[in-house]
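Note that chain A is present in both complexes that follow, paired respectively with chain B and with chain C.
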Partner chain A sequence: MQIYVCVKHVPDSAANITILDKSRIDENVTFLLNPYDEHAITEAVRIRDTFQESEVIAVCIGKDDAEKTIRSALAMGADRGLLVSSNDDHDSIETARVLKAAIERTGEPALIFTGKESIDAEGMQTMFRLGALFDFPVATNVIKIDVDETRAVIDSELSGGNVNTYELSLPCVVGAGRGLNTPKYPTFPDIVKSRKKTVKKFIFADLNIEPSKASMSIVELEPLKQARSPKEITGDASIVAQKILTILKEEAKVI
Partner chain B sequence: MSEKYDAIIIGAGVIGCPIAYELSKMGYKTLNVDKLPDAGEGSTAGSCAIVRAHYSTADGVAMAYEGFKYWLNWENYLENVEDEKGLAKYMNTGSILIKSQGHDWKKVQKNYDEVGVAYEEWDNDKIKKEVPVADLHEFWPVRRPEDPKFFDEPAKEVEGAIFCPEGGYVNDPALSAHNIMRAAEAKGAKFIFNAEVIDIRDENDKVTGITLKDGTQIDAPIVVNVGGPHSFMINKMAKGVWEGCNIKTKALRHEVMYCPSPDGYNYLADGYHMSDGDIGCYVRPEVGNTFLIGSEDPECDPQEWVDPDGFYAGKGGKGKDNVLTDEQWKAQCYRLGKRIPSLEVPNQPRGVVDLYDCSDDWIPVYDKSDLPGYYMAIGTSGNQYKNAPVVGHMMAELIDACEKGLDHDKEPLQYKFKYTDRSTDVGFFSRKREINYNSSFSVNG
Partner chain C sequence: MAQQIVDRRDIDFVLHEQFMAGDFAEKHEDFADFNKKTIDMIVSEARTFAIKELLPTYKEGDEQGCTFKNGEVITPESFKRVYDLLNEAEWLAMVEDPEWGGQGMPRLASSAAYEYFNAANYPFMMYAGLTHGAGKLVESFGTDEQKELFLKKMYSGEWTGTMMLTEPGAGSDVGALTTTATKNDDGTYSIKGDKIFISGGDHDIADNIIHPTLARIEGAPEGTKGISLFLVPKIRVNDDGSLGEPNDVICTGIEHKLGIHGNSTCSIALGGKGECVGTLLGEENKGMKAMFLMMNEARLLVGYQGFACASASYIHAVNYARERVQGKNLLEMMDPAAQPVTIINHPDVRRQLMEMKVYVEGARSLLYYVNYCSDMAKIAETEEEREKYEGFIEVLTPIAKGYVTDRAFDICSQGVQVYGGYGYIEEFPVAQLLRDCRITMIYEGTNGVQAMDLLGRKLGLKKGKPIMDLFGEMLKTVANAKKIPSLEADAVKVEELFNKLVEVALHMGQAAMSEKVLSAFANAHPLMDATGDVMMAWMLLWRATIAATKLEKAKKKDIPFYEGLLKSLTYFVDAKLPITIGRMNGLMNTSSAAVDIDAASFPS
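And then the complex of A and B:
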């Protein structure tokens, strides 16, 4: 069984992001593996370990520097990597076509994982476009998955915490959600082992991607300026706790 | 501001506060000014707050060991003052110094014997018993992961360790400075915050006071520079002071990492502080059962000297601002991952980036200056947190003696420790010294 995990090389969420020319960010910051993709790799590795003769292949489109992100996936347990090298930005239509081409040149997928979104573009489209191109079923924000030889039974979390359970025939595309697992990070011995793993490089132009009739491009990026107005919460511990609870419920609406 | 002060202390970190406390106890009317909103919020807050005695000189060991007595009796030192934020806690984990080529541990042991530091010698079996997650292979020399030799298989083992049971760390360094501020206030000391010094004024070749950014002038016949990473900028504001220092200070960017403890190992409850020169790291437990991983500044690591204002504003650019870098995250975590092979290293860096106020030889400058009335406690180079209460007392005695006529440059003050039966030559910390090549030139001091 071949399990592909599509990974993205994204800026560290802790980085100081600066916008240049109103349309791109200053890339002189730390880039790393998209956090949702960590859940995808961890799950792919777990599933691989329950099926004989199966492998996990990490796929990425990006600049050469994105090999670091593939290396992170290999250290986390993926068996080999595919990097489609491109210095350009690609919209989700093109990205899905590229990923499909790289996968098709490598083998036959039984499962394709993505993260449920990337933390930079937050487009949430790649998994659906991949599914459509391959004609595979798709589920996203997946928090549980059981796989046998022919199907995957998944739990998909909807807004408000509701969970739907679906059965997908294989091959299928799965967008990993945060609740899927606790990512298993590499130890030093894992990192040493992963150094011997291979990353195959494709050049974007060599994949002969058919241009799409539709496309999407960035018109303008604007930094989000959040006005912060700190308020001191006073009183004894129980009153402070009660006030925080009220704020979280009524103002922040997170609980 | 109409009030008159005997001494203005620039900085309210973990060294500025005890200077105020000790001067106040001697009857000086003091004012600390700090550009941040509260005590200990600058580079003190970023300190690893490790309390250990291993230094490369006997005087260094003696001063650190003297410091233990303050941390072990914290409430007593503060004279039981109340702090609405609570008291910082001394976490007396004990301190392991791995015997390796990365530390001159034989010199440390000799210094321990000379000063009378309590210690035990541990063989590797004992280390394995106390730190069951450790792999005791020798990994020397320290390298970076970019170097293919970083991944070479080790052959030999380290030679055991020296364990100092009184060592440990302080759980909240910013709070410890705040505690000392409250103790100082109880003795009459005053503090003002959000106040940035832009000028040191003088008249007739004697310091007369400071000017703040908002134009406020505050007068005092004594000004003490405890500006941490901004110390060199403050020295440049005072007439002839910068030029009169043979030893200069500058701001060194430094990254410290948080990496989760391996499954099944409760490092927070069962762990020790450990200095491991073999891998160029020191570690201590941190809340959330994580390893706090500091770097012992191995030669292969780059040093980033930065403008402190740009750094704190996050405007230095990658590797010069206050955001962790992937490269250093991997270097420090992978080094520790060799010693602790079950340590899982997340992809996203977590930790603290702050600045050392670093001197030319990594030994601090505790001294007067060429401008009468102007003193400095600077260049603490990431290794003086533990000494702060001792330095507070020593600086107060130095200032008092100089104000009473001591020519410290000619006849350096001999400071007698309160608890350890020894004196130290304060001239050792002189601004006029030549670079001390006995120094480790690292955070080890």
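And then the complex of A and C:
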């Protein structure tokens, strides 16, 4: 069984992002494996270990530096990697076409994992576009998955904490959610071993991706400005407590 | 969450541009796995682990501290989980022999991972660091049986380790210890005595604690010559490796300290009921020799601990100075319409940051260099070469511990200063870093002991050969710098400083062997200061030489970094080097006032 995991090289969530020329970010920050993809890799490795002659392949489109993210995936247990090297930005339409081309050239997927979203663009599209291109069923924000030779039974978390259970025929595409598992840190020996695993490189232009008639591009990026204004809450203790509760529930939406 | 706790760009510079860490992969088969890319990945994973797991427990560890209840030590709540994660990922024995569960990594490359871990939470890392050190003692001096029984479980972190040396009457003077060992019929020893200040002496994060313990076998000579080393487990270990009965190793209390609250500092009673059993580690009466072999490593580790606090404080201070808006630009002071600026624009704050920058950079290069020397000694092809690098380690160890931690505390203090009033408030991390850093000047041999080691042992070691070899290396750096026109003037000044140190060292060495011996030792610490300054000058010149060479073809994003390295040298030569010359002039005076003054002249 070949299990592909699409991974993305994204800025560290803790990085201070600076916007340049209104349309791109200053890339002089740490880039890491997209956190949702860590769940995808962890699950793919778990499933691989229950099927004989299975392998996990991490696939990524990005600049050459994105090889580091593939190596992280290899350190977490993936067996080999594919990097489609490109210095340009690609919209989700093209990204899905590139991933499909890279996957088709190297094997026959039984399962394709993605993260449920990337923490930089938050587009949430790749898994659906891949599913459409391959004509595979798709489920996203998956928090549980059981796989046998022909099908996957998955739990998908909806808003409000509701869970739907689906049965998908294989091959299928699965968007990993945070509740799927707890990713483990790679062990020191696995980090060292990951350097010896192969990462096959494709040049974007060599894949002859059919251009799409539709396209998306970034018009403008704006930094998030968090407005902070003090508010005095008055009244006796029970009124103050009630007002705070209302704010936490309705404005901050944290409870 | 902070993105940075230490300067990764500078770490990469020291690893790959100054000491070529990746080249060791081709130099020796033991290091073949560790090329540049692998090292980079290890450093990146160490960073991820440090920032995601260790850092969030730093403040909590400080606030909760360790508690002592019903005879048991309870560590901060989050420590156990993080300790398990550290061990699952097998970080504890990065540089040790794979045969015993180590990872066989070159020491130079491990420097960066240690810097990240310690900068994130060094009081926590002490549990792991001491375990590693104690394991190293077992590896170096243990019998096969002791290794089988203890070592893998220590290098895997399943059991922790300590160093049980200090007693109420035996601190800096270890030879005064009174713990006794009485030989039993089965070859084991019954241990009896009281130890204090034992870091990690008791805790709840692992199932067993193995204490390498110094004690005197009955009838052994007085002083350090009669001291032996024993392995004393908290819980006895059966022949099959399983845990047996408690070994009468009782924690009687913990200290309430200025800093490192997350690490337990324990008083331990050994054999109060007469049931504490240990096995001899190494030979009888050779305990101090064994400990000395470990001393360099432990002292270097303490240098790293202090330095890591400074390294983190510096990064916090720079980030704060970039964000904190306060006061107008000095040039616009009289303009009522002028907007306030970030404090990094104020000359005095910029100077503080510069002060922090030069010592952090110089100390990083110096500490990594000592580890580089360890690797070079390991792969040396001739005995002469091995001795050369081991000599460098000997000479540099008191500086890497004593001088670096002295400066590290100064840097942490500057970090507090950059924050102004907020720096003194515990809400910000610089206050804790300052407190935690302070002990590094005291334990593992006070910095006064380090200074005496430098003057009394290291200067004259092997008739001064190591130190003269080191001067040879330093002059090579000067020669390289002189080839670059823009650095020539500074290189000449640094060379003059080197030459003056030779003169001062000879003078001090002679004074130490004359009737002025007491005056000489009263000046030992200033000598360590001056020698350390010279090492800073060496490293900063070396770094600037590389920067100047690379600047021409540098990528755009690297240009400010390299230019900053040139400015570090300029600052040191302009502002610090004259002070070093002054220190040296003071040393040539070898003032005897401190020893001549009657003790009664101090206030009563």
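The rule is simple: the second predicted complex is superposed on the first by the 234 of 255 C-alpha atoms of A that agree within 3 Å, B and C clash if a C-alpha of one lies under 4 Å from a C-alpha of the other, contacts with A are read in each partner's own complex, and residues count from 1 in each chain.
Here, a residue touches a chain if its C-beta (ideal position, glycine included) is under 8 Å from a C-beta of that chain, and two chains touch if they have at least 3 such contacts.
Note that the structure is a prediction, hence the values are computed from the model and not measured.
Student: Will chain C clash with chain B on chain A after the two structures are superposed, or do they fit?
Tutor: On the superposed model, which is not a single observed complex, chain B and chain C clash.
Student: Where does A:Arg71 make contact in the superposed view: on chain B (first), on chain C (second), on both, or on neither?
Tutor: second
Student: Per the contact definition in the header, classify A:Gly179: touching chain B only (first), chain C only (second), both, or neither.
Tutor: neither
Student: First (chain B), second (chain C), both or neither: which does A:Ser194 touch?
Tutor: second
Student: Just checking: does A:Glu38 make contact with chain B only, chain C only, both, or neither of them? Give me first, second, both or neither.
Tutor: A:Glu38 sits against chain B, while chain C stays out of touch.
Student: Between chain B (first) and chain C (second), which does A:Val29 come into contact with in this model arrangement: first, second, both, or neither?
Tutor: Touch partners of A:Val29: chain B and chain C.
Student: After superposition on chain A, which segment of chain B among 22-30, 76-84, 166-174 or 184-192 overlaps with chain C?
Tutor: It is 166-174; the other listed stretches have no clashes.
Student: Residues of chain A that sit at the chain B interface in one complex and at the chain C interface in the other, please.
Tutor: Comparing the two interfaces on chain A, one with chain B and one with chain C, the shared residues are 12-16, 28-30, 32, 68, 72, 184-189, 191-192, 195.
Student: Which of the residues in chain B end up touching chain A in this complex?
Tutor: 151, 314-315, 317-318, 321, 323-326, 334, 337-338, 341-349
Student: Sort out for me which residues of chain C touch chain A in the complex.
Tutor: 1-3, 8, 33-35, 37-38, 40-42, 44-45, 47-49, 51, 53, 85, 88-91, 94, 103, 557
Student: Okay, in this complex, where on chain A does chain B touch?
Tutor: Those residues of chain A that touch chain B are 12-16, 28-33, 35, 38, 68, 72, 183-189, 191-192, 195.
Student: Within their complex, state which residues of chain A touch chain C.
Tutor: Its residues touching chain C are 12-16, 28-30, 32, 68, 71-72, 75, 184-189, 191-192, 194-195.
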